[in-house]
Amino acid sequence: MSESQPILSVRNVSKAFGAVQALNKVSFDVHPGQVVALAGDNGAGKSTIIKAISGVFRHDSGDILFAGQPINFRTPHEARDAGIETIYQDLALADNLSIGENIFLGREPKRRLFGFLPVLDRKAMAEAGKGAMASLDFHVTRLDAPAGAFSGGQRQAIAIGRAIYWNARLVIMDEPTAALGVPEQRRVKALIKNLRGQGKGIIFISHNLRDIFEVSDEIVVFRRGENAGVRRPSEVSQEDIVMLMVGG
Amino acid sequence: MERRTALKLMGASAAMAGVGLMPGRANAADKVTIALIPGLTADGFYVTMHKGAEAAAKAVGAELIYQGAAEWNVSLQVPILDAIIAKKPSAILIAPTDKTQLIAPLKKAFDAGITVVCVDTFIGNGVFQTGSGDADFPISYVASDNLLGGRIAARALAKAIGEKGKVYVSNVKPGVSTTDQREEGFKDEMKKYPNITVLETQFNDDDANKAAAQLQAVYGRVPDLAGVFGANLFSAGGTANGVKQAGLTGKVKLAGFDAPESIVAQLKDGTFELTVAQHPAEIGYFGYISAYAHVTGNPVPTSIGTGFSVMTKDNIDDPNVSKYLYKSS
Amino acid sequence: MTITATTPSRSLPHPVILWIAQLRAWVFLIMLVVFFETWARLAYGSSFIFNIYNLQSIGVFAAAPLMLALGETFVIISAGIDLSLGFIMGLSSVIAAHASNYLALRYGVPPFVAMLLAISAGALVAVIPGLVNGWLIAFLDVPPFIGTLGMYGVARGAAYLFAGGMTVAVNNEWFSAIGNDRVYGVPILVIIAAIICLILHYLLSQTHFGQHTYAFGASRVAARRAGINVKRLLVKIYLLSGVMAGLAGALYTGRFSAGAAQAGEALQLDSVAAVVIGGASLFGGSGTIWGTIAGALVIAVIQYGLVFINVEPFWQFIAVGAVIIISVLVDQKQRGLTGGREVE
């Protein structure tokens, strides 16, 4: 697959909930190693398209192509298994479990003690955790520390590390910097750049225009369920984006 | 061996004679209905009491309603009492689950013109119709004399242990009139035996597991423990298990109270040295008759004490003794 | 820009200290034993703990509450609670008694076989309330407190109904032997409890079931997102606690040669207390089998010890209550240290 082929292609996707047209012929692409930000007011359709991509529900019409293939996910787990990882604001981490255990949650590896007794392979989990974190420049000293003991930015790293470990090719992040202090926000932005460097496709939703301009390659602006425009941050100003969002 | 409070029973019998146990005497149009509310239904003692009341009802040709809760609990008994009051029986026989909390609810029955008789347990102090006190309105208290029961247990146990040694009482929880009185009677009678020491009472909350552990703990510090008085079924049963597990059967003698059918095997294999059986059928019978007598305009003694039978492995096969075993249904 | 963050924001103490903090219930237990030992020696010149007889008595005393507490451990880790265990135990006790009698009387089954079948019957009948609890909580989204409270009432009624108002006497020397005899001085009840402890420790610490129970207790969302079948997990958890209570009930019948509806009534609250003293949080996500064992022993030692040294029995209630409060306070403090991790 060449670099120029998009990892995700959204083509004329529409979705209605009863009388409400949440998405109306939305199109955009995400390439490997590209960060695409979704901007827009509340209710503009950003969350809806994310959920359609990640298998929460089916879109009504149009195509969503992942790695060239139309998607047909019945559950979010199928999307995850195909390589699309969605990280919601709550991060969905088990705070009482270690990094490794969180990465492997639901699919913990096992080994045989004394040759016959199946036990959880905690060593393998810890090693994997260490490796995944290291690839994000996050060097863990206490592998047994529970996820709850880490800061907000570090926990984002754990959630991302989980995505990386399972070879997600598209990482979707919903408001990754919300509720974080400035130093932590910087860490998260560095994480996103790191992911890009690893060749992943990244979509993130944010209300923070500063973050969007700092990190993204492209901004897709949503307005009332439609793609109001795609811009490069290097070519426009923040006011331009705001104007697109509110329709002026 | 039987003991009777002969005088009291004779008094009761005289009253009965006055009434005349004549069926059909009451006007068919206003058949007398008397309700019996036990302390709890899930208990052979009250099952047997119920049978006694049924026999009395049949004898005088009147009706019996029987309603109760499965557990000994004020908040379960009071709603049942209220429901019965609404049915307006002529009289209510009740084993109150608390001597203070049932005063007000029963007063309601009295104010509605319903005769109240206490069976087994009492409200207030159990002394009625004195003209004073707020728990004075029941016309009679029919029960085993639990103080006497405790004394009988003490005498029998003392004899079994050779009138010397250390004993203690395994009880349920303080505040239940019947078991309190048994303990009181026991301790009082034991004062007559200078060579017997009564240790601290152990409360087990009606849990056999606790009663067993308590026996073992006491024995752990009192290696010359001679006997235990279990004031009710689970106290005695649990203590018996503790004795058995410690291998002390026969060495530590157990006096129980009450006589469910399972007691037969336990007497025979030595788990229990003796048990003091009440006569709940008589309580039910005389309770019912007193209520009926009062309702039909006859005087009734204010307290009737029924007797006990001490059961041991030597006499349990005698039908005159085994007839006092509590029925399970 | 790299984000080299080398330590968690709250620094963790050394693993050994962590380990001791997690096992603080055992520290408690040791302190209690030392207390009673000292008192016993000073007041009676005899030993409290170096005394086979006391050890046996405490072991048997703690066996049934411990079994209930073991089941309750999984439930509490999952951020739930099971209030029905006491009367599931009673129901099973009664059914086991009836089973033993029925088999012996109707079919003349030899006592040994009757005993095995009766114990199985007791454990099996507990499957019903366990499954219903699980179904209510997993499929109908009923909060565990409410669901198991309802089942408490149902089991209680059923137990008394089947008992017909009395304890159900049993006459089976093998059944009685299981509940009362010893092997090389160790009561069989204690051996059974110990085996169950090992099995449940394995379940909790080395299987997906245990791991997912922890995860669910910390975050339902995380568990679901990770693809864990949360409904099946919950049903399994309440089924396990029910069966533990059922087993305890059957063994009670053997020990006292009678099935009793109220067999487990006094044990319900103690079982939750044991789990909490052992270090679990009622909010879920933490707790261990070793902790629960220590918690159950703490309660048993207090109750037995106070009788042994002849202290007014009402101090027992105060003592157990105080231990619970202290446990929770220490637990809060410790959560600050370890960041909330206390897993098997």
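Letters A, B and C mark the chains as written, and numbering starts fresh at 1 in each.
Going forward, a residue touches a chain if its C-beta (ideal position, glycine included) is under 8 Å from a C-beta of that chain, and two chains touch if they have at least 3 such contacts.
Here the structure is a predicted model, which means the values were calculated and not measured.
Chemist: Measuring from the mean of all protein Cα atoms shown, which chain centre lies nearest?
Modeler: The most central chain here turns out to be C.
Chemist: Farthest chain from chain C, going by the mean of C-alpha atoms per chain?
Modeler: Between chain C and the rest, the longest centre separation is with A.
Chemist: If you average the CA atoms of chain A and of chain B, how far apart do the two points sit, in angstrom?
Modeler: 74
Chemist: Give, as an integer number of Å, the spacing between the C-alpha centres of chain C and chain B.
Modeler: The mean C-alpha positions of chain B and chain C differ by 36 Å.
Chemist: Could you work out how far the Cα centre of chain A sits from that of chain C, in whole Å?
Modeler: Chain A and chain C have C-alpha centres separated by 43 Å.
Chemist: Going by the contact rule at the top, pick out the chain B residues touching chain C in the complex.
Modeler: Listed in rising order, the residues of chain B that touch chain C are 41-44, 47, 70, 200, 202-203, 205-210, 212-214, 216-218, 220-221, 233-234, 237-238, 241-242, 244-246, 260-262, 265, 328-329.
Chemist: In their complex, what parts of chain C are in touch with chain B?
Modeler: These residues of chain C touch chain B: 40, 44, 46, 51, 53-54, 56-58, 60-61, 64-65, 156-157, 160, 163-167, 169, 171, 180, 187, 252, 255-258, 260-263, 265-267, 300, 303-305, 307-310, 312-313.
Chemist: Which residues of chain C touch chain A in their complex?
Modeler: Residues 1-10, 12, 15, 205-208, 211-212, 214-215, 217-219, 221-223, 225-228, 285-286, 338-343.
Chemist: Report the residues of chain A in contact with chain C in the complex, numbered from low to high.
Modeler: The contact residues of chain A facing chain C are 76-77, 80, 90, 92-98, 101-102, 105-108, 118-120, 136-142, 144-146, 148-151, 153-154, 157, 186-187, 190-191.
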